[in-house]
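Following are the structures in question.
One chain, chain A, links the two complexes that follow: it is found with chain B in the first and with chain C in the second.
Let's look at the complex of A and B:
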């Protein structure tokens, strides 16, 4: 399983940006505005700060790991059996994440664009892409990211410029009226969707970075740009659609693209704008899938993970068709169970592991110094 | 070898998934709907009338030529318990399946508006095919169905004529309001603002309006005319504003782009062309528990027409004209406010919304009985229009005529 794969720190930030924005773009504006209405931008800015703290935390975790990936590190800290069991939790988390994202993509496409297309076909289409890119390896994924992120940002910029005539600043008033409780809920949602999943990057940093010393700031900058872009979308949604309309929509940012009409010439371009979401969802899904495959290969202790991609990909497609039976279940799950699940997987376990490791190391060094003296 | 097998498998999977798309709909399979009318049907459901484009007639350059005149649109009508049912039922009549993405205008029948428009609107915002860039209007004194059956001159498509003329009258005359679906929904759910929609009336004989005779004569027998605005309370139509009151409403909402104000001066009239205006609503909370509202209108105007003896270049004339213009605008606004407060009890100006924005805590206290409070609040109107220029000439011809 010794893959000699190295990506540059810049590619790491590209992947981080695409990972934090995927699906977040689509769904977060309505969940945030449902809680804090026109104050959603305040909670998302607070959310950014927490996300930055989290990415710093992951860098600190990565520093302790040296040249190992997260699952190897877990085995080191907890011993082989327990480590593998916790590792399996992460593999399942990523597997689950891949399936959920396929499902998100399917729901989005069937709701807004291809209403009569069987959802399974859409899942299969995206899954084929993801399987082939993961087979090609992390380097290919990172380079694709470098090419595609330009398009994401060009389209995003175009969307902002085209929507400028529709902006009404007074939609932001009355500001600062949301209760702290609602803010907390909104921030938890934001962090659980944009920040905490970054834990999967522990499989990539620092092991697969060619200059780990630079990874820190690139990772944090990636998180900042990604969450910042999400905040821009949230603000745009409120300014153009208004908080109550945003909260009522299933995919507010798509509706945002639908409202573009500049001098009656540039209009009806939402299908082009959908590129933003399709590209970022593709990368988020691919990273989840890559981590689940590589993690599983690590647990099986096999040399090469490639043979796992097709069977696991097929399983993911099947799982994706049953993971969310309907939209109601999806929103219930996302609101009730996803945040606590993510807090355990993305914060508590890494923190606990870090502390255990520190104690162990100190104990060891004490023992070592004792034995020498 | 492995690669070859993979490649073949990949191709086989790709062929059915990539080549054809389930949702493909060819243009010649679409019945493009350009206008939608919603009426009450006898059995408490809805009657939907749809104006469908007749592509060959719209595209042909020689309409009314050799092959005779075909109508550019056809209107179909069908009814159902709910809106969607009625629309799907239309397929029994239409030659193709309805395509709603190019809707320009939705006409809500007066009866439906009186009973509540919410039920008619849910479908419009839920269906992915519909967009939000069409305007919504209310038919006055007639059914929406009849409105969609009138053929129009110059703009071949009646839906387009409704759309363009709504924009033109709103931009240049300011007695109509351009309301799209998002605006309407926001107003309906807002606690401090009630929606208003522009009214459309059939002028002339609706029967003749349906036949090509109507457009083949130089003087159309039946026309579609915008007339006043409909005020809503709790999504039900409660009454109409006339032209002057609609203008007053638009001043307060700050949607007046340009309009004309006729003032009396020296036994004649002077037309003041308003070029831009802006409105500010300022709530005051100091006296007692009920807030007072101050409405401030500022703007710039030109002199557009002078039909009287007037030396425009004397310095007091401009200020007198300004004073008269301000009074006229103030009259419009106060009559609109009076009607909304006394007769309709509907806060169509968004005063409540403004109070909410300025003082959210105060609004929490009064929002539950805002409908009762709104008719009692004091509204102070201040208008300050500056007249800048006199058009291309200075003094009117009138001055020289009188010398004879």
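Let's look at the complex of A and C:
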């Protein structure tokens, strides 16, 4: 399957920002503050550093891949059969990710805004959007991202400015009391939700970038801005709501938007603020879905991926209600299995592939030099 | 029964929309893959609307990860 889609490095960083902020905005403040209380900002800053290291690692992987995408590269390194099997693991991961994100969107909307709407309707609405955008191609998705990111940042800025009067600095005290163990747990959560899923970008960089030489800094800058925005939200949650209230909420940043009250005139603007989450969840879901469809088309070795979008999208809609039967299961699974799963998929397999490839290349060059001498 | 029929109708409509596009470009392998995929999805959808329990893929991941997690605990 050969595709001639190229996006610019700037569009790559826009997609990275929207991808890292995706669901992270909604759920991470409570998981972080549950572990490290008012010191959550320290662990999130440490988490940013690890995320930057990870994005550099993915760039290094991308450099080794040349003009192939990740699944072609896996087939190259491990041989056809084993490569395809590992590729299927990634397709399975991205498929689950899409269904889980649809589910997140459904739970968020049905618990907070449209309480009487059946959840399947919301899944189908978002799924129709992502099917049409993925059918249109990566370029369309990237250009939509360029348009939408302005709104995300305007709304985020508005939220920060409107919340300034409510900030109480003493909520940060006593500082630096969390134990290293709690910090480690919080950092692992942060990296598993914000940093490690970036592995799916290996399907986009460097194959679909028109200037691969510039992709490196744009990707790292995108990660920095995305995780930085998440840190700002965490700090705001602690400063306005307090650590223990944040930890008790399911969607603390939504509660944060509810508390906005400027001179008793600008109030209850959380539905507008929900635009931030809906837009970023849409992009995260679309990227996951794009990767799962393109990866599957790659494994089947078909001419293009467009015809797979509708059946795969419908399968995702069906599985979005099965994958998380209720919110209890969701929080249990995400806390217990998501971090180790992502460490294996996002770090151990790419690292192992990189090392195997290096050894193979060295072996080959040695053989070549032996035969010429 | 009515629900299953409705789902079948939706899937047939999608197939009528998609298969001519593929046939025009003479992608026979793709038509076969598309048909298998659609039949599979339709079966799952019909099972789902008739409340037949479908295995959860996350349970599968949890099942494979459990031995690894037990090593560290």
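Heads up, the rule we're going with is that the second predicted complex is superposed on the first by the 373 of 373 C-alpha atoms of A that agree within 3 Å, B and C clash if a C-alpha of one lies under 4 Å from a C-alpha of the other, contacts with A are read in each partner's own complex, and residues count from 1 in each chain.
Just so it is clear, a contact is a pair of C-beta atoms (placed from the backbone, for glycine too) under 8 Å apart; a residue touches a chain by one contact, two chains touch by 3 or more.
If you're wondering where the values come from, they're calculated on a predicted model, not measured in any experiment.
With the C-alpha superposition on chain A as described, chain C and chain B fit side by side in the combined arrangement.
Seen from the CA centre of chain A, chain B and chain C lie at an angle of 110° in the overlaid model, rounded to the nearest 10. In the overlay built on the shared chain, the residue A:173 is in contact with chain B alone; chain C does not reach it. When the two complexes are overlaid on their common chain A, residue A:325 makes contact with chain C while staying clear of chain B.
By the touch criterion stated above, A:242 is placed in contact with chain B alone, chain C being left untouched. Touch criterion met: A:111 reaches chain B, while chain C stays clear of it. In the superposed model, A:312 makes contact with chain C only, not with chain B.
In the superposition on chain A, contact of A:121 is made with chain B only, not with chain C. Judged by the touch definition given at the top, the superposed model places A:92 against chain C, while chain B stays out of reach. By the touch criterion defined above, A:258 lies against chain B but remains apart from chain C after alignment on the C-alpha atoms of chain A. Of all C-alpha pairs linking chain B and chain C after the chain A fit, the shortest spans 5 Å.
Once the two complexes are overlaid on chain A, none of the chain A residues touched by chain B in the first is touched by chain C in the second.
Across the interface of their complex, chain C is touched by residues 92, 95-96, 100, 300, 302-303, 307-308, 310-312, 314-315, 318-319, 321-325, 333, 336-337, 340-341 of chain A. Residue ranges of chain A in contact with chain B, taken from their complex: 111-118, 121, 124-125, 128, 170, 173-174, 177, 241-242, 244-245, 248, 255, 258-259, 261, 267-268. Considering their complex, residues 11, 14, 18, 21-22, 25, 27, 29-30, 33-34, 37-38, 40-41, 44-45, 48, 54, 56-58, 61-62, 65, 68-69 of chain C touch chain A. On chain B, the positions that touch chain A within their shared complex are 10, 13-14, 17-18, 21-23, 125, 128-129, 131-133, 182, 185-186, 189-190, 356-360.
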